[in-house]
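Structures for review follow.
Two complexes are shown next, each including subunit A; its partner changes from subunit B in the first to subunit C in the second.
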Partner chain A sequence: MKNGFFSLAGLRRLRVMTWKELLQLFRDTALMVFFLYSFTGDIYIAASGVSMQLKNAAIATLDGDRSDASRELLSRFQPPYFRPIGELAAARDSITLLDDAGAMAVLDIPPRFQERLQRGEQVSVQLQVDTTNSVLGFLASSYGAQIVGKYGLEAAARREGLGGMAGPVLQADTRIWYNPNQNDAWFMGISELLTVVTLFAILLPAAAMVREKERGTIEQLMVTPLSAFQILFPKVIAMTLVILGGSAIALFGILGPVFHVPMRGSLLTFFLITALYVFTTAGLGLLAATVARNLAQVGMLTVVILMPMLLLSGAWTPPEAMPDWMRILAYISPLHYFLDAAYGILLKGAGMDLLWDSVLAMATLGVCVFALGMGRFGRQFG
Partner chain B sequence: MSPSEPAIQVAGFTKRYGKRLAADGLALTVQRGEIYGLVGADGAGKSSLMKAIAGVLSFDGGTVDVFGSRIDSARAAEKVKDRIGFLPQGLGLNLYPDLSIDENVDFFGRLRLVPGRELAERKRLLLEMTRLDAFRDRPMRQLSGGMKQKLGLVCTLIHEPDLVILDEPTTGVDPVSRRDFWAILGKLLEEKGITALVSTAYLDEADRFHRVSLFHEGKVMGEGTPAELVARVPGTLALFRAEPQATALPRLKAAFPQTEAMGSWLRVFADGLDAAGARAGIDAALAGIPATDWFAREPELEDVFVAMLRQRGARLDTQLQDDDAPRPLATSQTPALAIEARDLTRVFGDFRAADAVNFSVPQGEIFGLLGANGAGKTTVIKMLTGILKPSSGSGRVAGADMRSAGLAIKERIGYMSQAFSLYHDLSVVENIRLYAGIYGLDDRQGKRRADWVIGMAGLAGFENDAAGRLPMGLRQRLALGCALVHRPQVLFLDEPTSGVDPIGRRVFWDILFHLSRNDGVAILVTTHYMSEAEHCDHLALMFAGKVVADASPEAMKAAVAREAGQLLELRVDRPAPAQAALRAAGYASAALHGRAVHLLSKDVDGDRTRLPALLASAGVAVQSVVLRPLSMEDVFVQRVTALEDAQRRTP
Partner chain C sequence: MNGKRIVALAWKEWREIVRDRLFFALAFIVPTMLMLLFGFGLSLDVEHLPFAVVDYDRSAASRDYTYRFISSRYFDFKGYAGDARALDSLLADNRIRMALVIPPRFDEHLARGEPAPVQVLIDGTFPMRAQTTQGYVVAINSAVSLDNMARALSAGRGIPLDEARRRVQPVKLEVRYLYNQSVKSIWSLAPKLIMLIMMLSPPFLTALGVVREKESGSIFNIYSSTVSPGEFLLGKLAPYVFISIANAMVLWALAVWLYDAPFKGDPFFFAFATLLYVICTTGIGLVISMLVQTQVAAMIVASIVSIIPAVLYSGMLLPLTSLSPGASAIAHSLPTMYYTNIVVGSFLKGVSWSALWPDVLVLAAYAGSLFGLGYLLFSKRPKS
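Moving on to the complex of A and B:
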């Protein structure tokens, strides 16, 4: 077992090769700056800037009635959701304003609004909504409908002489778990962290590998008694360590102190699962490096691999909402399992008893992908 | 602007890249109609100067005048650009890989606004002369290195410039293509009367030029005709044998620093001594070891160049003693044969990259594998080092079977490739310790071997510098050190000296000699520098995947002398017409070397009298006819040309 992986010489090889990768990475100033920015600045921007909620949506009004009732309805469109920007002079201005993105919604109240309400007739008001951004558009129209609906109910109750809400009214009593304030920063921050982890898990090993190809050092390694595995695996170990370091910076430097993301579960479990995920994804990077000839191609391939991984992972859409064939693809995206596990640990405080299936799936995928990368590498240089 | 005005005049030229001084007060003058050579290693400042003259690089100090116009701004450079053709360094880097030969030439012609009919006519002539006309529709990327360079030359000449600037046009090109290139260039310049400024890293190409500047580390070491430069350092070059060589070499080195072993020969440059003085001095230094087979002649430019550098303080010595315990495997039980290739064959599709290759290398021998680009040298090395599986055949390396014991072989061999595959971002010590760890040395052994490598390679003081920032010579020795860190029995070197200056190359070969003679290491080396092939004990010449000659350098030379004749050098007043007249008279080997013509003669005594008369009738005056020793380059060109002709006859 002189050359065995676990022999003394084998472990020494592993050590010197891993150390070499770390040294090379730390001396690549440009890459290190990009790395540090991604794990700090980029996550900060995502957590503080990106919101999936309706906030301060500009709303213009067209009041054809100018009565107490119409003014009262209009006054209910208020911050934080809506921001009234004033009244339009003519109906035709409304579509122009929406075209220009000068307002997100226009509320049109017809003449004789108050009179018809008091007579107990059915009245319609029109809410025109810009749904270019489908999520925000959906929120604006449903919040708008809620406000109008509630006003209608109250108006009806008042007319019937029932002060307040005394009738048979069904009240939905919602309990919001895990993120009680529905704080977007938590979701966005963690999701950006996972994205950045994925990016570097693909990019770093691929870049390290292709750099050896470009410089010709790979040939030098091939004539030494190193096996393909002994050449590839140290890259993965080194990059995993570095990415865990980056994740720690993001968690304890940004997400924790700035955004107060709760870390309810075991952080040890989180880092172990992250390590497993990086190993899994690094296999994809190495696979890409066997195809690419230079660093530029590695960059392009990283984008090509990363985008579908993100889109299919469930980070933006739960797999249940995807078409059937795509849902199957989501189950082979390692990010899908990582998301499950990461949100589970950080927000829900889940432990291995709940996460074992995700971990098992991730490990299985990882071994397959790594074996594939090794195989291609072996064929290319063997 | 008078016609006698020099084509190029440079004074005090200085160029910096950051902190590094690339050119330090260079001065030179190129007369019209000259082939002027800039000779020196990578990083000596040749390219910077050439780019500045071509008007594509700004510089920090001094003046550059081209045809009487001062090049001091981009606008000034525009004025003379029409009259200049510039071929930058790198094989085919100025060409478009996806365009065919035809399209490339047309593109450069139209770029230079050459009228249609003239363009077609010039293209026809130039392609015919370069023998590229048969491949007009082939995309440039499918051409061989030599063909790319010829196409580059055609594209540079298409607008008939008055001055061509060619930056290392022969680097990376095999000797046959190289000789072709010089023949074509000489002919074109003669016919068109243009001026050429050409750089080269090969000192033995210097005699192709009318005048040369020797470059070293941003300075001009000397300027003049090759003969003038050689005369500048008087001395005698002695070639002889002395056994035992390993004892004789250190004794000689103590008295004559410029001593080298070339196979079984010793080569000593005795500066300041005439032939008799050299003999006396060498006998005294040998202290009892008899010198046999004695030859004394005038030194070559490389000897002179090294002597100049030595006068300026360059050192040739290295620290080679190895304090470690004797190498565990180099004992009597080691097989006598270090490398044995039996019918090694590798097929890629229907292309036989290596075809039944046979040779053997005993322990302690330096074995040279020669051949043009694509002859199969690298394929053979890759098979022997276990990177590539042979399609058929077998081999043993360091006592282990290539097919079954790949890992054992890898532990016993060292390998160094042409790219000096070091990690540029790691320091000297980090590189050494990395390879020590890879070969399974423990920390204590690793540290001792690192100290040995640093001493051997002369890297003391550079231990913590990044490998990428070392000068080429040091980088090369560091790569060698990394390949030797585990004390291998067999060393494979794939073009190990590209781009290294003469001093660096000498020190390098000294180390190889020491390893082979004192430690019994078998060394297999490939090289494009034919002057280096002379260092080998034994040579194998490859052509189209086959070994076509396998002998010692002397035996190879003797065979060529027997078959094709000996080398005569004719100094004449008008070389180009002389060459034409000689070719017409049946001396097909006649080639231009600066102001001299070289040819192979089967009847030396007869030709000594016959040739001056023959040339006189062509109106050429012969100043001297000298018998010169055949070089390995002559042997290589002769052999490969004969094989190419044979291949062409039987397609």
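Moving on to the complex of A and C:
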């Protein structure tokens, strides 16, 4: 093992090669500027202002009754969920308004609403909802149903003399854990950080490798005493270091001070897991690099790898809602485990006692992918 | 402008793309693959939410109540937990997203006609899902409450259950879902995917295509030739616009035939607007390629610049109405929002020129200014 990996010479080579990769990276000014932007400005934009919740949905009303009862019901559609935008003159206006996306919903109260209510009949009111966005459509109708249901129950209690709400009803005390104020910035910010980490972890090593191939400098490396591993591994170390630096900037520069994302778990664990994740994902990038001949191909291959990973891992869409065959695919995506671990550490305060299975799965994937990439590389240039 | 030179350049570029087999194949495969993946996988329907129950009461009433959740298609019962402390690690480990805690004397409270407290714990990591989950829980709880009230009233007054049910629910809400009657998320999603994918792929292709010449140095042939900057840009970009148009047609066909999304609008109007949009996104790639020197940088810039606006600021996943003023300003300054209006209008609402001409106008202005910017940035006498 004179020139082996763990010998003194091996370690020195590793250091020198890693330094070479870092220098090469830092000298691409446009790339570095954008790297910094991705870990700061981009995460800021994603986390600020964007909300997946129904807020201030414009609601127009058609009041066919104009009584105290109808006005009371209408007055209950208020912010934060709804924003009343006034009354419509005729029923056909409602369709025009919804067509132009001027309103999200129209509440239609029939004539003789109060009269029939007092007489003890059951009255229907209609809510027309724009469900072009199905999630919002569902939320709007669900809040509408809550408001009308509560109003109805109170009206019934008054009429039947049940004395307020004291009946055999359920009193649910709902607690939302980990993010009690439903602050979207926490979710969006962390999700964007993970996306950016993934993008760079695939693209940087793949591009660094193919660039050497495209320019022919790989031949120079091949005639040196370096082994295939000693050529590939420093690239991964350099990229991992840079990406960890970027994550630290994002965490301590943006997510912490600006959005007050709680960091409940151990940050050391977070960075160790991030390093493991970058290593695993870099393996995917290197695998792509052994397939591609030029950088343009690497770019397209990156999209092919990145997009399904982002989608399947549950960053945007809940894994529970996917078809079964897709959920199986999620298990071979390292991002799936990284998401669990990152949200677990930052928001839930989970430690290794809960996360060990994710870490183990990620490490196994990493070793497999890396071995595959090394094997292909060795055959191409060995 | 010399038409012959433009055609020659476009032909040269086309040959180059076609000869790089993998690149050519991926240029067509990537959009279709993304459409299939997103279409089947990007479901925003919150269903099969795993949940657990801690039942301290163990009575018929509490089992009845639990059964309401078990039989709902929105929830997926994972079993009873021993006590409330066990829920901590289940929630932290993503094993469950929601938990019900039924305190002792649940049955007793209800039998006496008193309100019975229950506790609902929801994992708030994903705010949108938490909100939807809460919506489901409230709906089930109020249905149970109404049933209980009706039963109590019917027993107390000796009236039939149906009559009692009508009395406790004097106002009924009828919801009419417009444009997407069954609230299927794929219907509203598939058209918007055209917007998303046409935002991702053209800038990528274009930026790579132009920067490739810069990095390999073959652009010096152009610099030293008689080709004018305008001719170079038109000839160079024509094949990419062509590829993207072909892709847009494939995506349209997939949306209509595979996902059965209704197309109610005017096809000519839609085709015209799509052409403008593709020119816009190609223009984004052009501007990027003028600003960077290496293909790696081009890829990174193209993906960061296009993914975020397309996913977050286009109204695809997130409602534009719930954006903060700052975010709303960002959304209005990007082309994706306008094309989303056009896609949604053409597919789901069946409106065309009369309602959407301002959006088309904005897209045209975008396409014009992006190409203008690219033209200004392109110089045959580079500084370095």
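Rule of thumb we're sticking to: the second predicted complex is superposed on the first by the 379 of 382 C-alpha atoms of A that agree within 3 Å, B and C clash if a C-alpha of one lies under 4 Å from a C-alpha of the other, contacts with A are read in each partner's own complex, and residues count from 1 in each chain.
Here is the rule we go by: contacts are C-beta pairs under 8 Å (C-beta built on N, C-alpha and C of every residue); 3 or more make two chains touch, one makes a residue touch a chain.
Remember, predicted model here, so these are calculated numbers, not experimental data.
Touch criterion met: A:216 reaches subunit B, while subunit C stays clear of it. Of the two partner chains, neither subunit B nor subunit C is touched by A:91.
By the touch criterion defined above, A:17 reaches subunit B but does not reach subunit C. By the touch criterion defined above, A:9 lies against subunit B but remains apart from subunit C after alignment on the C-alpha atoms of chain A. Once the two complexes are laid over each other on the shared chain, residue contacts for A:367 go to neither subunit B nor subunit C.
Once chain A of one complex is fitted onto chain A of the other, the partner contacts of A:28 extend to both subunit B and subunit C. For subunit A, the partner that touches more of its residues is C, with subunit B and subunit C as the two candidates. Comparing the two interfaces of subunit A, the one with subunit B and the one with subunit C have residues 28 in common. Chain contact summary for the complex, subunit B toward subunit A: residues 385-387, 389, 407, 410-411, 413, 415, 417, 419, 421-426, 430, 433-440, 442, 492.
Here subunit A touches subunit B in the complex through residues 2-3, 8-9, 12-13, 15-17, 19-20, 23-24, 27-28, 215-217, 219-226, 381-382, going by the rule given at the top. Subunit A meets subunit C in the complex at residues 28, 30-31, 34-35, 37-38, 42, 45-46, 48-58, 73, 98-101, 104, 117, 120-139, 141-146, 148-149, 151-153, 155-156, 159-160, 162, 165-180, 182-184, 187-188, 192, 195-196, 199-200, 203-204, 207-208, 211, 291-304, 306-308, 311-312, 316-318, 320-323, 326, 340, 343-344, 347-350, 354.
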